[in-house]
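One chain, chain A, links the two complexes that follow: it is found with chain B in the first and with chain C in the second.
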Partner chain A sequence: MIRLASTARAALAAALLTAFAFVLIGPLANLALWSVAERWYTPYKLPVSYGTRYWEQVFRPSGDAMASLGTSVWIAVLTVIVALALSIPAGYALARLKLPMRSLFMVMFLLPQAFPSVAIYINVARTFYQLGINGTVFAVVLVHAAHGLVYSVWIAAAAFAAVDKDLELAARNIGASPMRTFATVTLPLAMPGIIASGIFVFLESLDEFTGTFFVGVPQVITLPLLLYNAAMGGNYQVASITALILLVPSVLFMLFIERFLRADVLAKVGA
Partner chain B sequence: MQAGLQDNPRSGAAISVRGLHVAYGGTRVLHGVDLDFTPGSFTALLGSSGCGKTTLLRSLSGFVPVQSGSILVGGRDVASLPPEKRGMAMVFQSYALWPHMTVLQNIGYGLKLRGASSAEIATKVAAMLEFLGLPGYESRKVTALSGGQRQRVALGRALAIDPGILLLDEPLSNLDAKIRMTMRHEIRAIQQRLGLTAVHVTHDREEAMTMADRLVIMQAGRIAQVGTPEEVYDRPATAFVANFMGAENVLPVRVERSGQGASLHAGGASASLAASPSAAFPAGEAVAYFRDDVARLDAVDAPASGDLVVPGLIAARAYPGGVYRYRVEAAGREITVDDATRHELGTKVGLRIPVQRLHIFPATEAGIAA
Partner chain C sequence: MLSQRQLALVLIAPGLFLVAALFLYPLVFSLISAFTRPDGSFTLEWFAKAYELYSGDIVFTIVIVLASCVLTAVAAIVIAGTLTLGENPWIVGTLKALYRWPLFIPFIVAAQCMRTFLAKNGLMNNTFVSLGLMEPLSAISFLDWRGIIATFVWKQTPFVALLLAGALASIDRATLEAGRNLGASRARVMLELALPQVMPTLLVALVLSFVTMLSVLSVPMMVAGSQPTMLTVDMAFRINAYGDYATANALGVITYLISAGAAIIYLKRGMNQEATS
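Right, the complex of A and B next:
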């Protein structure tokens, strides 16, 4: 009887696990299959012929894909720098100082998320046209940073709030100036959270489509825009390969979060 | 290695606190504190939670802004200086060791700030660890240390900068009982050897009495009494101090004056006050405080022979070891008494209290403390 129950339980677990794996891996497997399908048309359940032609095309040094990957990464790096330069002081201020309008501040950072992004980006694009910066990497970085700040300020504030104040006071007490204390005690202790927020901003920037579409095109072509063009042009192979490339940093980020971020920092996100 | 520390003779600095007012977000916490700390003295700030003892310590260290008043260290007012310019070193209740640094980096932090070379830091930290009984612990992570070891490292970090003043913010309350006893003696011995001026905050009466030369009892943001452990224990200045120092039994009494003497009446019993330090006490309603171990149980009709023998009824008995602990109903109050002999519940007894061991205060004052 007990044996039957345990067998049933094991079978149920196996079934659920399979279903979960299918939901998770199914779309990825589809992408992988498409990326190596040289010919695949309607009546056939599987590709007609396989090959790495499209991979070669994407990774050809002169290919569009490598150029847009370069653009994407460059924009993402600049976005991280801009976002961290703002979110480290802002996060510290939100976590530590008694700001009179702390909540208002927080809302201001979150507000861009409250509206449909297309409406915002059309206005941004119009303003950028007037300023003459539309179609530049600078403009795209600004848009990505504004988007990324929503998260990075939030996460940085949580990371700073998780640093025990007594640790700072102990440094001040034996002679460290406020700046020195911040540099040697507060910042190193908040660093895992700051790095996580940086990676998050990096990924958001890599993935960002709408804003780039409005302020970047046609001069600035990032990977998601290339993917969009390829998919619209019916080239599912290039679209799949681009999507797989975009997946790599996300997986690395998850591994980082799992390995380095303390639970008490995560718990303070949004507090 | 201890010689290395003695090569550098330190002497504590004097602190004078004058008219210190401190408020937290509109709430007054300290209402004008005046206190002097002589060089090399060990003072314990004692009081129940919320009495302002930690706030007083934190305003000395500069963590809490002072509303008004002055803090003179060696004649210089430091009340408006930031914490890093006060030359005081603090040991925190939470130890506040930096988890991203090794023991060496923690203890050497203050030395590095003062521009010491890494060789100097290594030598000094090694001497300090030897001194604290943790030789060879330099490269350990502080997170890998036990509570007692962390407390020693925290002490080492504070002592490494040769402070004139050592501030101790309940440093022993997170340690288990056995290590706490050892650390009491160690901290006291280190303070004596280095001649530091130490200010120790605690809510543990025994800890304060065993470590300090002088107790400062605080109550609601004011100083209730300052004195040696003996003075505060044997001659409490107020009902609050008496109660806080362990005289938890409360007996309502009436003082009557006649001729040159005075007498004490409680629950049908009376005794002469002539031989008591409270002899000069004004007549009227009063409250007497005494410790559990002061009173004895006797027969109801036992001769008073100078003591106050109050009739009572045994309501409860417990055996904590060595003596029996009774709860006796007498004079409308429940009194806790220790006695060596076993009595049955419900027995009528005489509660024998030596008059000179009572701390008597006017009923009006006691009402505030109770």
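Right, the complex of A and C next:
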């Protein structure tokens, strides 16, 4: 009797786990199927014919997707540069220097993520339009950097806070200048955390849709905008392939993040 | 020579300037625009217009976001609870390997996935028909409010579950073991002993998800094309179709108000944590 009950429990658990796996993987499987479906229409449950025609179309050097991929990566790289250039000094100040109203400043960097952003972006777009920079890579980079600052500043502050102060003092004692101590001791030790924050900002920029939708159109077409245009135009194959391209960095990030973001840094985020 | 305070302010100023220019200024601008006529006098007419045109969508947005948060919380509690209290290593291992996948998937990719998966002829209905669970003729499309909720829950559950599982891992195991030894079921241990201890983490994760869902434009646009729709889509429509910034900003202020309650809880918690650490 007990044995029967435990078998029933195991069967129930297995059924629930299967349903969970279906819900989780089903949408991704559907995406993968569409990317290799050359013809797929009702009432067929699976694609009528498979092929790589759309992959060839997308990866043709002159194709829209390659241009968008280039634009996206270029914007993401510039965004990381801008965000790190602003957040390394800010993170150091927040972690190591006496700063009045420190918690207010921490919250300031968080605010862009804590507000519904569409209403912000439409007004940014209006200002940029008046300045004549709407539809430029520069405008998109600024918007992405402002959005990514919370990650880069908070993680940089945590990374600097996790550096052992005694090491800095030792360098100072043997005669290194404050600048040299920062460049040869503090910064290298904080580097893994800063790299992790850079990867975060890079991915945020690569995946960002809403800001680019208002500020970048019509000239700047990043991968998410290409995906959107293809999907709304009914080209499911191109949309699915673009989506799969966007998935690659996300999956790599998930697999490798723990190598960069160590637990001692993670424990200090937001502190 | 600069004092340490002055140096700190100089170092932090460029970052603050970017946030002020690209967040605070547009925020103030949207507030002013929502409450003034072109000549600069105070008015509430844009809110009247927003209410008249979009009152249905306001309710629709609140219901969708709340329902998504509730379902996300339930799913995250079940997942995190199983990960913490599960006794079958095979089930726990499989769940652990699976549940994080949507975490870093962009919303727009999730939207495209669901657009195909939940369609009338999508993989979900096709699988049900193939398994004999459903008649082909009774297949319907879920690409409406149900699709939006499904996408939000699918995308946000790993995030909430991850934070919750992390918090659960750090609470005292002895109390939970004691509860189990006294004969309480795992569900009861989870709900009555473990969950109250990690409630702050759950709330913060849900508030963050709440604001995120209010900000997402791609999911309602791609998953549910027609009316009724969410306020983000209405704002984009007012701008792109009419250049009507006043009404769009009034709708924006309404989304601020919806998230205000949530954001206040969040900021309060952030401040408290700073005070204690």
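As a working rule, the second predicted complex is superposed on the first by the 245 of 271 C-alpha atoms of A that agree within 3 Å, B and C clash if a C-alpha of one lies under 4 Å from a C-alpha of the other, contacts with A are read in each partner's own complex, and residues count from 1 in each chain.
Quick note on the criterion: contacts are C-beta pairs under 8 Å (C-beta built on N, C-alpha and C of every residue); 3 or more make two chains touch, one makes a residue touch a chain.
Bear in mind that the values here come from a model prediction, so they are computed numbers and not experimental data.
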Simultaneous placement of chain C and chain B on chain A, clash or fit: fit
Touched partner set for A:Trp154, first chain B, second chain C, both or neither: neither
Partner chain in contact with A:Val23 - chain B first, chain C second, else both or neither: second
Included angle at chain A between vectors to chain C and chain B, based on C-alpha centres and rounded to the nearest 10 degrees: 100
Chain A: partner with more touched residues, chain B or chain C: C
Partner chain(s) touched by A:Val185 [first = chain B, second = chain C, both, neither]: first
First, second, both or neither for A:Gly175, with chain B first and chain C second: first
Minimum Cα separation, chain C to chain B, after superposition on A (Å): 12
Shared contact residues on chain A - chain B and chain C: none
Residues of chain B touching chain A in the complex: 61-63, 82-84, 88-90, 92, 94, 96-100, 109-110, 113-114, 157-158, 160-161
Residues of chain A defined as touching chain C within the complex: 10, 13, 17, 20-31, 33-34, 42-43, 45-46, 85-87, 89-90, 92-94, 97-100, 103, 105-127, 142-143, 145-146, 149, 153, 203, 206-207, 209-210, 213-214, 224, 227-228, 231-232, 236, 239-240, 243, 246-247, 250-251, 253-254, 270-271
Chain B partner contacts - residues on chain A that touch it in the complex: 164, 166-167, 169-178, 180, 184-185, 188-189
Contacting residues of chain C [partner chain A, same complex]: 4-5, 7-9, 11-12, 14-16, 18-19, 21-27, 29-30, 33, 88, 91, 94-95, 98-117, 121-124, 126-127, 129-130, 136, 154, 211, 214-218, 221-222, 231-232, 235-236, 239, 245, 248-249, 251-253, 255-256, 258-259, 263, 266-267, 270-271, 273-274, 277
